[in-house]
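Presented sequentially are two complexes of subunit A, the first with subunit B as partner and the second with subunit C.
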Partner chain A sequence: MVSHMEIDDTTAGHLQELRRGTVVLACLLSLRVPDYGYALLERLETLGFATDAGTLYPLLRRLEKQGFLSSSWNTDDARPRKFYQTGAAGLALAQTLLADWSAITESIRTLTSGDES
Partner chain B sequence: MVSHMEIDDTTAGHLQELRRGTVVLACLLSLRVPDYGYALLERLETLGFATDAGTLYPLLRRLEKQGFLSSSWNTDDARPRKFYQTGAAGLALAQTLLADWSAITESIRTLTSGDES
Partner chain C sequence: MTTITDRYVYAVGRRVPKHQRDELELEVRALVTDTIEAKREEGASDPERDAIIQLGDPERLAATYTDRPLQLIGPALFPAYRRTMVLLYSLVPPIAVLVMVVVQAFARDDIGDIIGSAIALAIQVCVHVGFWTTLVFVILERVPREGRGIADWTPDMLPDPDAGERGLDRGGLIGGILWGAFIIAAVFWQQFASPIRTATGDSVPVLNPQLWTFWLPWIIVVMALQVVFTVFVYSQRRWTYPLALGRIVLDVAFLVPVAWLALTGGLLNPAFFAAVHWPQGADAAGWLGILIAVIALLGVAIEIVSALRDAAKSRTTASVA
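And now, the complex of A and B:
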């Protein structure tokens, strides 16, 4: 639906704000299987989590620093790549965010539930 | 679930980020029926959209400036109150955000769908 509309900058800003916090959740869920930055970026884009390298890479480093992701270098290929993986704390955070997401969805449903009556 | 857990500052920050964009949507949906700031604040709190006056009031002014809300003074009571109401552009924005919310929810479901298999 969104893609069929002409989106002005203000609307785009509100959409971006709505999505910002969800990229963290998407990273934590995706990286239960280890992956490197660029592959994750492509996966998230396919899933519709619009982000870019300039946002995602610092976010991955931040999540690692916060103890939610761990990383290791894979040197099997000609080009060594840093693989990230969600750790125990990251899984717990993902569960917390998922529970909150469900709660927000329920609240939004309450706000729109009168529409059909 | 969230309320039963001890939430550290880092987790709280991620939760706040997840919820930030949804307050705009909650305001737009709520204010289809005109209301004043403090009553809206209480309504949102009841629904679980944790926000505070210092965040909500500037947000209402910003949404009015952006043309999504209109306002008028109600002077029937001893204390005049500024009532906000969602306008046509605000309703359109709400529909856009709702569609996006559904799309994100679907993407999150895709990321978690392998969990049971």
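And now, the complex of A and C:
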């Protein structure tokens, strides 16, 4: 009874769910070099992270509020842009997240290795 | 000339607290212009408009910036909200209406007035219960919460499947049979063995003897059916919607004629009033008829509600089992 379209939508939804939490880590790692919102958005999209401007901008702001990012307005260009950079706390958070990432990879590998034997 | 970008930035800005506004407006403006730039590179015919459409409802964007809830009552509070509403709606309006009807019945109001004001009161009470309960939860949703929420769920709240599985318990069976038997016996007893006597010592029936042409036999038949029906429901072990319908039909067949006869003054025997020296004679006994009618109609209302509730409950437990 389930059509192909529905399967695709469902799969896409699960993929999006799987990737959602990774955007924070991607931001923290990417912003070790200062950048402004839209350039970061395009870079993340090129790398395949599913996000959009309406989500990413508030996320950057939240991370700044939590002290993981620092920001400064760059007025050199024709129009002012807010540049973000990962601070010391942000780098520490990135390390924690990466460690967890490895742990998850290991756990998944344990689960999948059973299939191969 | 105000651009669509200006209007969008303004629309977002007015949704956030003043102290954040200036900085946030700058940021949103940068976001919009960057998005426009991207749309232009894609070759859009109206990049500004496309960009705004992509960024979406300014109120939602403002909410994501400020971490404000976009729902009236969120998932954390909704179960408690729903439980509170069900509890209040099943208690407050019926009690309010019942109290009012009883008070007005003794004030000898016209039955039409009583029904009218009962409906008006029921609507008012429902609106108030709904509004104020919702308002309290909407405020709670917007107050920072620490630890566990209010009205927490506990295991004691779990429904008991066994209680709902049996449609009618033994008490309900005995009660139903006794009730039918009692009504039938009372109808005969008041006719042939009434303790009320005239001055000459003759027995005076309480109910109007003219009703023997149709209504009293009708009531006897309905009550006999009620007894049979009660036994049948008990044998089925659980309520269903068809059974609930049968229960309602039998209740209506008994109580609505009683209410109607009481209202039109044909239920009670005029000689009975004379025999007991009713203060103002049979005419002034109108409020007694109203009281009987109100009790009968309330009985119908309560029976309809509980018949449907029992059926719904039984259905839920059946689907779980």
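Things worth noting here:
Note that the second predicted complex is superposed on the first by the 110 of 117 C-alpha atoms of A that agree within 3 Å, B and C clash if a C-alpha of one lies under 4 Å from a C-alpha of the other, contacts with A are read in each partner's own complex, and residues count from 1 in each chain.
Just so it is clear, a contact is a pair of C-beta atoms (placed from the backbone, for glycine too) under 8 Å apart; a residue touches a chain by one contact, two chains touch by 3 or more.
None of the values given here were measured: they were computed from a predicted structure.
After overlaying the two complexes on the shared chain, residue contacts for A:84 are found with neither subunit B nor subunit C. In the superposition on chain A, contact is made by A:105 with subunit B only, not with subunit C.
By the document's definition of touching, of the two partners only subunit C reaches A:36; subunit B does not.
Of the two partner chains placed by the overlay, only subunit B lies in contact with A:97; subunit C stays clear of it. Counting the residues of subunit A touched by each of subunit B and subunit C gives the higher count for B. Residue contacts after overlaying the shared chain place A:24 against subunit B, while subunit C stays out of touching range. Considering their complex, residues 36-38, 42, 52-55, 57-58, 61-62, 73, 79-82 of subunit A touch subunit C.
Residue ranges on subunit B touching subunit A, taken from their complex, read 1-2, 5, 7, 10-11, 14-22, 24-26, 29-30, 47-49, 66, 93, 95-101, 103-108, 110-112. Subunit C contributes residues 26-28, 30-31, 33-35, 37-38, 54-56, 60-61, 64-65, 67 to its touches with subunit A in the complex.
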